């Protein structure tokens, strides 16, 4: 499967914190940790857990830019 | 200034492609290139151009996860 | 590949309208047409064109709900 | 009221799962189920419950596209 | 029609800048100007133009927070 | 720090409601209350609490427009 999203950062799941309906999944992408907020159902479906290889997918229109003054 | 966004990836602008109202800015973040789609006004305001140090900012709720089957 | 996104609507591309940097791709999903705004690069990479089988992918946190009063 | 969002999929609420602050609402849109993640306040305000007619509203810029290789 | 989105800021359109596929619409909300990036089709459908009463609608999950150090 | 986001609405935090993983923060922006859904980690990091000066940051591509018929 291929995706239109311009940003696909492959890494390894570092940890998964489950909430009542929403989980936070942290993925180590070459030393940088990316946090994703996904549904608990997605965590179960994709078997997301520490050590799982996973890709953080981000649409270009969801990226803001910050600069120092 | 500090931001609530969990993902703040610092890097250097690689290129800026301007459209009629929307520009695509690519930022090299430690070897990984992140693409952001922002308004042309933002490009002007932040003086975004090749070589500019910039941070890609992404909310955790805007990150999807993909895994191999 | 499997995705965390709860909404994955499979259909057929109806048309692609290219802009300067951003394209609008319309996908017929069982009679309902879903419009996606993606980068021109994504249109080229995924060879999106009329008749191409494609899936509209939408995160649950990007869906609003409207009701009649 | 009319909305700028290109995607407005009318259906019927199938179920509502409440979390601590965030609920997941599933809407049957002509046989396809669309999941929305909304605040608990929205569930109360809109009286979202099984059987309620509701429309899933999605901005074109929030739709990704996936294709088979 | 009622919407799940927590943020609905009513105002008056100040200007509309059309691009190839995407327009930028600025709405004056009680002295604060809010900019929306929408499709050209939406501008036509909703007859968006200077002086038109319009509401900026924003999901709570799309709002970031910034604070001074 | 400067941000590409077109919408930066400065105000004062009115209240913070914590969930299991996600908090809802309401900010009074000159009489209008804006609700943001952020991670609990962000609430802790930014010391978000009633009375704290804070800015609601919203990308133009995340703003929908509604009009009366």
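By letter and in written order, the chains are A, B, C, D, E and F; residue numbering begins at 1 in each of them.
Methods note: a contact is a pair of C-beta atoms (placed from the backbone, for glycine too) under 8 Å apart; a residue touches a chain by one contact, two chains touch by 3 or more.
For reference, the UniProt names are A, B, C, D, E, F = TOBE domain-containing protein.
Small disclaimer: the values here were computed from a predicted structure and weren't measured.
Following the contact convention of this document, B, C, D, F is the list of chains adjacent to both subunit A and subunit E.
With steps allowed only between chains in touch, the distance from subunit B over to subunit E comes to 1. Looking at which positions face the partner, subunit C and subunit D present mostly the same ones, since more than half of the interface numbers are shared.
Taking the mean of the C-alpha atoms as each chain's centre, subunit B and subunit F sit 21 Å apart.
Averaged C-alpha coordinates give centres for subunit A and subunit D that are 22 Å from one another. As a whole-number value, the distance joining the C-alpha centres of subunit B and subunit D reads 29 Å.
Residues of subunit D in contact with at least two other chains: 1-6, 19-20, 22, 24, 35-39, 41-42, 46, 48, 57, 59-62, 64-68. Remark: subunit C residues 17-20, 22-24, 35, 37, 61-62, 64-69 touch subunit E in the complex. Chain contact summary for the complex, subunit E toward subunit C: residues 1-5, 19-22, 39, 41, 57, 59, 61. Per the touch definition, subunit C reaches subunit D in the complex via residues 3, 5-9, 24-25, 27, 29-32, 34-38, 42, 46-48, 52-68.
Here subunit F touches subunit B in the complex through residues 1-6, 36-39, 41-43, 45-46, 48, 57, 60-61, going by the rule given at the top.
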